[in-house]
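One structure is given below, represented as structure tokens, and several questions about it will come after.
Chain lettering (A, B, C and D) follows the sequence in which the chains are written, and residue indices restart at 1 in each chain.
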Amino acid sequence: MGNFKGHALPGSFFLLFGLWWSVKYPLKYACRKNKNVCYLGSRAGFRRLEFVEGIIKAVFALIGMVAEQFVPDGPHLKLYNYEKKHWDHLMNWQHATMYLFYGISGLVDIVAHGTNALPAAMDRMMLSLAVFIEGFLFCYHLHGRAMLDVHVHQLLLFAIFGAAACIFLEVFFRGSIVLEMLRTSLCILQGSWFWQIGFVLYPPNGSPEWNQTDHTNMMFLTMCYCWHYAFAFLILAVNYTIHMTVLHKILLT
Amino acid sequence: MGNFKGHALPGSFFLLFGLWWSVKYPLKYACRKNKNVCYLGSRAGFRRLEFVEGIIKAVFALIGMVAEQFVPDGPHLKLYNYEKKHWDHLMNWQHATMYLFYGISGLVDIVAHGTNALPAAMDRMMLSLAVFIEGFLFCYHLHGRAMLDVHVHQLLLFAIFGAAACIFLEVFFRGSIVLEMLRTSLCILQGSWFWQIGFVLYPPNGSPEWNQTDHTNMMFLTMCYCWHYAFAFLILAVNYTIHMTVLHKILLT
Amino acid sequence: MGNFKGHALPGSFFLLFGLWWSVKYPLKYACRKNKNVCYLGSRAGFRRLEFVEGIIKAVFALIGMVAEQFVPDGPHLKLYNYEKKHWDHLMNWQHATMYLFYGISGLVDIVAHGTNALPAAMDRMMLSLAVFIEGFLFCYHLHGRAMLDVHVHQLLLFAIFGAAACIFLEVFFRGSIVLEMLRTSLCILQGSWFWQIGFVLYPPNGSPEWNQTDHTNMMFLTMCYCWHYAFAFLILAVNYTIHMTVLHKILLT
Amino acid sequence: MGNFKGHALPGSFFLLFGLWWSVKYPLKYACRKNKNVCYLGSRAGFRRLEFVEGIIKAVFALIGMVAEQFVPDGPHLKLYNYEKKHWDHLMNWQHATMYLFYGISGLVDIVAHGTNALPAAMDRMMLSLAVFIEGFLFCYHLHGRAMLDVHVHQLLLFAIFGAAACIFLEVFFRGSIVLEMLRTSLCILQGSWFWQIGFVLYPPNGSPEWNQTDHTNMMFLTMCYCWHYAFAFLILAVNYTIHMTVLHKILLT
């Protein structure tokens, strides 16, 4: 994962989910307000959506785990190198562990929304835990790296732990559009920041490297992080406007 | 911003909003208790107030952003100095970023209270985020300054993050007079403390400078911060009393 | 305050309030469960109690402020020593500031429960703030002291911030017997720990001093703190039992 | 306690409680959904269970306290060694203190569910406190140990403080299946991690010792901790499935 692609890939997943949520939740909100018009707004329809989301999440997580294990320089399920007496490819194993919890979250989504066996709120709890575990592993991931490297990953932790807290609140305030929008914005932020990390630490196309020890670079990136967040809200606003006006009009005519 | 005016100006804005809220919320509370008397207490009336507040917030934020960019020694929209190879006027850019989020919060206020498109609770969520971003940027703002400088800004962070948490709670407990008063008091505190910072770090009229490394100065300022807070409550109490008694009597006669 | 009495006095106040609450809240709970029997359980009766509590709190706070100012080696309202160019008796001023906020809390109690002008929940908010300010000032109080001295005061902070959080929760869950008991227990803990601090740092009657740098002393005191808490629960349990059984029986006959 | 058994024993207790809860709460949830079928699901039945649980908790805690005091190299109720002038067997006293609070929690369970004297929510509050005190004492327990030793105990703190927060939330959201499952998972995690600590710090059967200062060992153990948690959810899922399907079918036929 220590390259540009290794950050662009998870970033794209988070962006994908964030963008999808920025479509789904405004739609859901619009439908809840105009019940008689919009048949998609039925509880059954949205439950099916969450079911499909769970499948996609689980599949992505499975692909991620397999990829981390079986890339050419991956561990191939070997955890300990008995000859050299050290742990083998710990980074890949850590990433696989992160994916594992997203996989569990996907499975819980599938069971909670595909059957009546599990209480619906379990899906939020598991997602919150998956996000928390991601942040938790990140915390112990950064030992001994350069200052700028640590800083950009620490900034990511705000989005991660913020999202974990927000999703945990959803256990108790389920269906609150405010929390759903907050989660969506933090998810887009995480996705676009992963891309930014890739550009900063592994500049593609032979761009010059960033000075890892320059304090003004850190200050710029902190600010840049806020711009990413403003950008996330811009996307949210555009998607929200489209669905609340254009699509709304179509449905009403 | 590294001068007396640069602290007095934002301080005045916060004081202005704090004082206005210390008038508005007691009034709102009084009107809610005497529904038949007070036509201002209608939900529509207060919604219009929040709409106007949003406009003022957005305009102030715009002025702030433009001012930070185009003051004589500002960046004039130039972010990177390619000749000297360093970031240009990062401080001004950071302040403009802070204003940006207050601007977004103002826009959300306008949309949420001017139309029916947005859920009302979004205004509190965005305001909470704007305050949080202010504190977040402040945290990474203080690197390498003198002890006293860092300390007075750290004290400010209590008011900022306290307000952010309080406003976030308002998402769930909207219209709670207790939270509204708490927010008002923290806003006045922030405003008056900005003035205090100006007096401490950039003493006007040739007053002697404060010793930046004297530990007793830090202890005094910590205490002084509490006095500012007590003073904020005094203002709140006076405004509250006026509106609950004098104005109340006028309305009843 | 830097002597045995200076810790025993506030400790006694907290113990007094804690013990009183350990009588009041079980009584209130018993009365709420047996409405027809117990005329003390009327809302008006308990409101009057809270009114009186507010007066006592305000008077204690006033006495505390005056005492801190006018003890023989106190500041006598002099804040800055212009001759020697340093702040005068900052410790006393800090303690007076702590009392000030308890005084404000007392005033709010008086207004909230003596008139209908203030929402009742304001009393908990101000008490929570008063306790928070106490802890806040303590945090910046301990600079440059010996290890054991810092440690015993840090332990106190758990009780203080715990109580502040608990009282803040009461704003939203008013009248929850669980939170009231938790607050009472933390108040007794604070009181008895103040006494313990007095005994540890200023051993009376010529007892040998504690070794301030011995790590096992710190470990013992941490454990001792837990015993104090267990003791607080013992007091609570005894008072609770008496009021729920003996007094209950008397009322029913 | 500084040996393999000393970690395996408390680990077994937590595992036992965790496994029992992973049976009890799904059963309770199933019964609540099918009220007419399942007589065990009566409130009285579950109250009796909680009563018995309280007795078991109190007895275990008593055994634990007695064992810590009277093991051959225990303090035998002697706190201070006056000859050598140092505290005697502080570790054992600290562990006994931890058990003490679990004992108090057990007593509160007994009173709250055996009589009507105490509000039911007190049991959760005391359990939350008992878990918090356990974590609190652990925090001041680790001074001066090797890096890996500190790390594995710090990881434990996440499970402990997580459980304390979760149980405290149950005071307000009593009977929430989501919180009950979260608590159960954290309890199993704590139990299995105690075993892991035993294996890492005191490898039985002459296995080679772990290198206490190798950073990759720390990274592996952090990841391993997550696997334990995934394993806890596996156990939960299996137990949940059994009770929601097999047992459910038996009851319905």
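Following the convention adopted for this analysis, a residue touches a chain if its C-beta (ideal position, glycine included) is under 8 Å from a C-beta of that chain, and two chains touch if they have at least 3 such contacts.
The UniProt protein names, listed by chain, are A, B, C, D = Transmembrane protein 45A.
Remember, predicted model here, so these are calculated numbers, not experimental data.
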{"item": "Contact-graph distance - origin chain A (Transmembrane protein 45A), target chain C (Transmembrane protein 45A)", "value": "2"}
{"item": "Common touching chains of chain D (Transmembrane protein 45A) and chain A (Transmembrane protein 45A)", "value": "none"}
{"item": "Homomeric contact chain B (Transmembrane protein 45A)-chain C (Transmembrane protein 45A): same or different residue positions, threshold half", "value": "different"}
{"item": "Between chain A (Transmembrane protein 45A) and its twin chain B (Transmembrane protein 45A), rotation from the CA superposition, multiple of 5 degrees", "value": "90"}
{"item": "Between chain C (Transmembrane protein 45A) and chain D (Transmembrane protein 45A), centroid-to-centroid distance (C-alpha), Å", "value": "32"}
{"item": "Between chain B (Transmembrane protein 45A) and chain D (Transmembrane protein 45A), centroid-to-centroid distance (C-alpha), Å", "value": "45"}
{"item": "Numbers and ranges of chain C (Transmembrane protein 45A) residues touching at least 2 other chains", "value": "none"}
{"item": "Chain contact topology (line, ring, star, complete or other)", "value": "ring"}
{"item": "Chains grouped in pairs wherever the two touch, ordered by label", "value": "A-B, A-D, B-C, C-D"}
{"item": "Chain B (Transmembrane protein 45A) contact footprint on chain C (Transmembrane protein 45A) (complex, rising order)", "value": "86-87, 90, 93-94, 97, 100-101, 104, 117-119, 121-122, 125, 133, 136-137, 140-141, 143-144, 171-172"}
{"item": "Chain D (Transmembrane protein 45A) residues touching chain A (Transmembrane protein 45A) - in the complex, by the definition given at the top", "value": "29, 158, 173, 176-178, 181-182, 215-220, 222-223, 226-227, 229-230, 233, 240-241, 244-245"}
